[in-house]
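Following are the structures in question.
Below, chain A partners chain B and then partners chain C, in two separate complexes.
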Partner chain A sequence: MSTPTSAPKKLGLREKYARMTRDLAWEPSYQPKDKIYPQAGLEGIKIEDWDRWEDPFRLTMDAYWKYQAEKERKLYAIIDAFAQNNAQLNVTDARYVNALKLFLTGVTPLEYAAHRGFAMVGRAFPGAGAQVACQMQSIDELRHVQTQIHTISHYNKYFSGFEEWRHMHDRVWYLSVPKSFFDDAMSAGPFEFITAISFSFEYVLTNLLFMPFMSGAAYNGDMATVTFGFSAQSDEARHMTLGLEVIKFMLEQHPDNLPIVQRWIDKWFWRGYRLLTLVAMMMDYMLPKRVMSWQEAWEMYFEQNGGALFADLARYGIRMPRHWEVSVKEKDRLSHEAWATFYNYGHAAAFHTWMPDESEMAWLAEKYPASFDARYRPRYEHWIAEERAGRRFYNPTLPMLCQVCQIPMVFTEPDDPTTTCYRESHYHGEHYHFCSDGCKDIFDAEPEKYVQSWLPVHQIYQGHCGGGSVPEVLRWYRLEAGRDNLDYLSSPDRQNWQRWKGEAAAG
Partner chain B sequence: MSNNRVYIALQNNEDARPIIEAIEADNPHATVTHFPAMVKIDADGRIEVRRASVEALIGRAWDPQEIHLSLVSISGNVDETDEAFILERHN
Partner chain C sequence: MSHLLTIEPLGQTIEVAEDQTILDAALRAGIWLPHACCHGLCATCKVQVSDGEIEHNDASPFALLDFERDEGKCLACCATLSSDVTIEADIDEDPDAEVHPVRDFNATVVELETLTPTARRVVLELDADLSFQAGQYINLWLPQIERPRAFSLANPPSQSRRVELQVRRVPGGEATGYIHERLAVGDTLRLSGPYGRFFVRRSAPGSHLFLAGGTGLASPLSMIVDLLERGDTRPITLIYGARHRAELYDDARLRALAAQYPQFAYVPALSDPLPGDDWEGVTGFVHEVAKAYFNSDFRGHKAYLCGPPPMIDACLSTLMQGRLFERDIYMEKFLSAADAAQANRRSPLFRAL
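Moving on, here comes the complex of A and B:
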C-alpha cells in the first residue's frame, strides 16, 4: 500500500519485473532447499547464485494476460471468418491439406508435451526468475495446442485423415519420430530438458518449422493456419530468449558446466535436425506453391543466423554443434530422400503422397541444380511410369529404423549421396543400428536409455500393434485404408476437391 | 570475417507496419525483406525499436511490449526497457 503522504512512483519495467519475480520467492524455513528441489543437482550443473538470472523479456503477469487476450481475440475473429466464408475452398490445391495432417498428428501433440515439460521444469528449478519464465511458457504451450486443434478442426469437416490425430501420435510409425524426441527430453533432467527444447529446438531450429511453413500457408491461401501459426510464433520469441538465457546462465555460473552444456547442445542439435527432416519434405513437396526450398531455409536460418549465434557463444567456450557440417552436406538431398520414403510407404501413412508434376520437378531442378536431375528425377520418372501402367509402387517390407531418431535408415553417406549410411554399436551382446554418426554418438553416450526405445517396426514384428498384417496394423492406428492413405490420385479428398471446384476429373 | 548478424521478423499487418517503418528509419544499416505474410529485418550488430519513433508515426502512446502482438521471431540478445526493444550481438 502507498503511504498517504506521497503519491506512489510509477515503477520502471525492470523494477516492476523484479518485484513480480524475486519478491514472490522466499527463503524456505521448514525444509532444506535440496529437499524442495531434488532434481536441481542431479545432472551435475552447478549454480552458485540464482539471483544472477537475467530476464531479457520483462513481461509481468498483468501485461501477459493483456497481450495474450489480444492475440486470442484476433485469432478467433479470423477462425470465425474462415469458417463462415468456406475458406477451405481457397487453398491452392487439396494436396496442401496433407501438410496440415502431418502438422496436427506430428507437431500439435508436441505442443502439449511442451506444456507438461515446462510445468515440470518450472517446478524443478530453485530460482524465481526461471520458475516464472517456465510457467508462462507452459501456459503458452497449452494455448498453442488448443488453438491448433480448434483451427484445424474446420478442415476435419471436409477432408479425411484428421479425426484420430491424438490416437495416431502414440502409434503410427513415423509419428514415433516427433513423439520419441519429446519423450527423450522429458525423461532427462530439468537442465537438459530446457537446453534441448528452449535452446536447441526453439532457439536454433524452430524458425525452420514456423517461419517457412506459416509463410507457406499464407502463400497457399490457408489464412487460418497462418493466423494460428503466427499467433503461436509471437510467443516463440520469448521462448527462444529463455533458451539463450538459460545457456548463458549455466555457462556464467560455473566453469564445470561447459562440457555438460556442450554435450547437450551436440546431442539436441542432432536430434532436432533429424526431426526437421519432416519439415524439409513438407517445404519442398507438400506445399503446392513454395516459398523457399529447404536448402535455402537451412542456409538462411542455420548457416547464417545459427552461425552468428555460435560465434556469439564462443566467448563462453561453446563451439558449433558436432556434425553440423553433415547437415550442410545433406541440405540438397534431405527432402528428396524423405519424400521418396513416404512415397514408398504411402499405404501406411495417414496422409496422401504423390509424385511432383512437371512444373514442380522444374522448380526442384532449379532449386537443387547439383542433385535433383542427376539423382532424384530419374527415380520419380520411373515411379510415374509405373503408376501410369497400373503398378503404383508401394514397398511391402518394413524398413529398418535408427535406434535413436527412429527414422527409417534412408539417409546417405555424408560424402557419397548414392550410398546408404549404416552405423552400428554393440551393447550387452545386442546390435543396434543408426542412420548417422550423430545418432550413433548419442546412443554410445547413453546406451541404457536408448536400448529402451519403442521402435514401431520392432513392435509390429513382436505382435504388439494389432496383428502381423498391414490391414491389422492400420486398424490399430485407426487409419481407414483406402480413404486416409495411398496416393493422392486415388483419394476421396481429390474427388471431392474436383467436385467442389468444378474441375474435370483428370484422366 | 565475424558474423554478428541479428534479425527481427514481424507479421505483415496494420499493427506492425509503423513498427517496421520506425525500424527502417532508426536503423539505416538494416536490410528489409518481404515474405508472404511476414517481414524479416536483418542487420549487423544491432537493431533498435524505439518507443518515441513508433509513437511519432502512430500518434498515440506505444508501449514497446506491444511488439509482442506482431513478433514472429528474433535472433540476438534482447534488451527490453520502457524506451526501446533492442537486439544486439557484441562479437
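Moving on, here comes the complex of A and C:
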C-alpha cells in the first residue's frame, strides 16, 4: 500500500477518485492473476492494460453514500405522503394499474438480476476501475429493486395481482421473456454481460423502458412511481456512461476485439429490442392517458439518438446492429401484434386486458395512419362485437414460442405485415423455431446454449407446470383465476374502482 | 458592484465585476475553465454553483436544460454574479498547461500579405508583451463589428510583441471580409488574449503529429517552431493539405525548417492539383496521406488537428482506425452558431472530439 502524501490544496475530482479507488488494486503474490480472474480471458477479449480504463464517472464511495441517502430520504417522504393521502385514487383509471403489474413482475426482478450480475462481473474483472464501477452499479440496482417494491406495495393493498410478483417472474409464460433475457446475459462471460446490460440495454435501449413507464406514471397521476423513476434515473446517467466506456475500452485495447464486440452488439440489440415488445404494447394500450406512441419513441430514441451513436462508433469500425432495419419496418405494428396476443391469452395473464374504446382507437389511427385502420381496427371491432354478444374471445390453445426470445410466434414478415414470420433451424436432429431472422441468427451462433431454453409452453406440455389444464397451470403460477386475469370489464379491480370513485357501473 | 467568486477545487477566490461573466473573470485571473463557443451555445463551460446566486443571461435553453438550472448548473461564459458565489469546475490539472492571464492590447497593423487567393497574413505590433502558449488564440475587435472574432496565433511565444494571424476569408463573412478588403497597414485595433486550451503535451512520451488544412496551419506553425526552439529532438511530422498549389502557403518557410531540423518532417499534400501546378509532392486529402505515410499505425503519437470540419472528421476516423484514440488526439474547435446547433446530433461517446 502506498502512503498518501499530504496535499497542499483540495484534491481535484480525478485525483480524489484515484486515491479512493486505485489503491484497492495490488499485485497478487500468492496466486497468479489468471487464476484469480479465470473468466477474464475466456471470451477472447484481449486487454493489454487495465490502467487505461477511464473512469466514466468520478464518484467516490463516500460521496456515493451521501447522494444515495439524500435520494432515499426524498423518495420515502413522497411515498409516505402518497399513502397517507390515498393517492392511488388519483390515477386516471384503474386500467393504469395493470402497467404497474407488468412492471413489478417483469422489470423489478431484472433490477435484482442486474444487482447480482454486476456483483459477479465486478469480481471477474481484473481492473480496479471496472471493479469499482460494477460495485456501485450493483448497489444501485439493489436500491432500485427495493424502492420499486416499496412504492408499488401500496397498490397491493387496493388492487389484485401484485402479491406473487416474485414467484410469477419465475413461472408465468410471458415473464420468461424478461427472465430469459437476463439469464442469457448472466450465463455469458463478464465482457458479454457488461456489453449486453451496460451498453445494449442501459445505453441504447433504456430510454425506451424508463421513459414510457415514468412519463406514463406522470401522465396518469401516479406520483409515487414517478418519484422512484426519477430516483433510479439519476443513477442511470452513470450506468449509461459505463456502457459507453466499456465499449470504448474493449475497442481501444486490441483490434481483435472488434469482431467480438460487433457480434455482441448485434445479438444484444436484437434481444433487447424483442424484450421491448412488452413496453411497446404498454405505451400504446395500457396507459389511459398516453405519452407518445411506440413508433414515435422508436424514431426518437433509436433512429435518431441511436443513429448518432452508431455514427460515432463507426470511427472504431462498428456498424449498425444487424437487423436494425427490421425494427424500423416493425415500428407501426409491434404494439398491435403484442396487445392482440395478450388479449387472446388474457385468461392466462396476471393482469387485465381490454379492447381500446373509440377515442383510443382514434388516437391509434392518428398515430399509426398507415396501419391501424387497415389492419388492426377491424380485428378489434370484431372482438368487441363478440364480447358484447357474450362471447369474449380467449384462445384455448397454447402458442408456439420462439426458441430465443420466448415470445409467441406472432410477429409478421418484415416486408409483409399480414403474414406470420416463421424461421427454423435444425440442430442434432431437432427442429427449433424462431420469430425472426434476428433470433435465428442468435441461435445459430450458439445452439448449445439455446437448446437448453426453458420454454413455458413446452414445459406445460411436458407436465412440469402443475398439470395439463389451464386451472392447474394458473394455480402453479399462483394466479387467482377470475380475480387476477380475464378482461378488465369483468374484474374486481374495475368494480372496486367504480365504487370508490362513485361511478355508475357500466352495462 | 463587484462580487467574489471562489473556484473549487482550486480554492482560489477572485473578484468579478458587475456584468462580467464567470468565464471572463476566471480567464483574466489566469484560471483556465473548460470553454469553447463563449456565447452560451455549446455547454463546454458548464459548472456547478455550490453557493450564492447567479444570472443565466443568454445561456441557450438547448445548452443548459431546465433541470440543470434547477440543479444549480450554469454556463460560465454567460453567467454573472448576483452575490458572492462558489463554483465547482471539472478542472483536470495538466502538467503541460501554462497559465497566462488574459489581457487587453492595442495593436497596430505593420504588415499585410496575400498568402493565397483566400488567405491573408496580418502582422500586428502590440503595445505590450503577449505571453501565451503555442496553439492559443486571441479575440480581435474590428471597427463597427459588434463581437470580437477569434484568430489563432501563428507566431511562436518567443515572439511576444509582433503577433501573426492567418485569416481565411469566410464567404459572406463580415469580419474576415473587412480584414481582406479594408484593413490597411497603420490601422490600430483592439485585441484580448490569450485564450484556448490547445497546446502541445510536451511532458508526454512519444512523437508529435500535426495534421493541418488551409489556414488551420497557424496554430501548428506556432507549436512546431516553439518545439524546435526549445530543442525538442523527438520526431515531429506535419502533414499540411491544400486543394492546389496556389492555396498552399508558407511552403518555402516549412521546407527551410525541415532542412534545418532533421527531426522535423514536412509533408505538403494537394488534394486536387491543377495541371499547371507541376506538383511532385504527394496527392490526396490529409487523412489519406497520413494513413499511407504511417501505414495506418499511429500508435506512439500525440496528434494535433487543425482545419475545416470535414478534414477533422476524416482525420479522426483515420487516426482511430490506426489505433490512436481520444486521449492522444487534440484539436481546437471554433464554433459558429450553426455548428453548435448541429452538435446536438452527436452522441456522448466522445468527450472532447
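Here, the second predicted complex is superposed on the first by the 499 of 507 C-alpha atoms of A that agree within 3 Å, B and C clash if a C-alpha of one lies under 4 Å from a C-alpha of the other, contacts with A are read in each partner's own complex, and residues count from 1 in each chain.
Simple rule for what comes next: a residue touches a chain if its C-beta (ideal position, glycine included) is under 8 Å from a C-beta of that chain, and two chains touch if they have at least 3 such contacts.
What you see is a predicted model, and the numbers here were worked out from it, not measured in a lab.
Participant: Since both structures carry chain A, what do chain B and chain C do when superposed there: clash or fit?
Facilitator: clash
Participant: Tell me which partner A:421 touches in the superposition: chain B (first), chain C (second), both or neither.
Facilitator: After superposition on chain A, A:421 lies in contact with neither partner.
Participant: After superposition on the shared chain, which partner residues are touched by A:309: those of chain B (first), chain C (second), both, or neither?
Facilitator: Once the two structures are laid over each other on A, A:309 reaches both partners.
Participant: Return first, second, both or neither, reflecting whether A:238 touches chain B, chain C, both chains, or no partner chain.
Facilitator: first
Participant: Go through the superposed model and pick first if A:134 touches only chain B, second if only chain C, both, or neither.
Facilitator: A:134: touches no partner chain.
Participant: So, A:255: does it touch chain B (first), chain C (second), both, or neither?
Facilitator: Touch partner of A:255: chain C, not chain B.
Participant: Determine, under the contact definition given at the top, whether A:59 touches first (chain B), second (chain C), both, or neither.
Facilitator: The answer is first: A:59 touches chain B but not chain C.
Participant: Determine, for the superposed model, which of the two partners chain B and chain C contacts more residues of chain A.
Facilitator: Looking at chain A, the partner in contact with more of its residues is B.
Participant: Overlap of the chain B and chain C footprints on chain A, residue-wise?
Facilitator: Residues 12-14, 241, 244, 304-305, 308-309, 311-312, 314-315 of chain A touch both chain B and chain C.
Participant: For chain B, which residues count as touching chain A in their complex?
Facilitator: It is residues 2-7, 9, 11, 35-38, 40, 65-66, 68-82, 89-91 of chain B that touch chain A.
Participant: What does chain C use to touch chain A in their complex?
Facilitator: 8-11, 90-93, 316-317, 320-321, 323, 325-327, 345-350
Participant: Under the touch definition given earlier, write down the residues of chain A that touch chain C in their complex.
Facilitator: Those in contact with chain C are residues 9-15, 54, 241, 244, 248, 252, 255, 304-305, 308-309, 311-317.
Participant: Sort out for me which residues of chain A touch chain B in the complex.
Facilitator: On the chain A side, the touching residues are 12-14, 56-59, 63, 67, 70-71, 74, 207, 210-211, 214-216, 218-219, 226, 230, 233-234, 236-238, 240-241, 244, 291, 304-305, 307-309, 311-312, 314-315.
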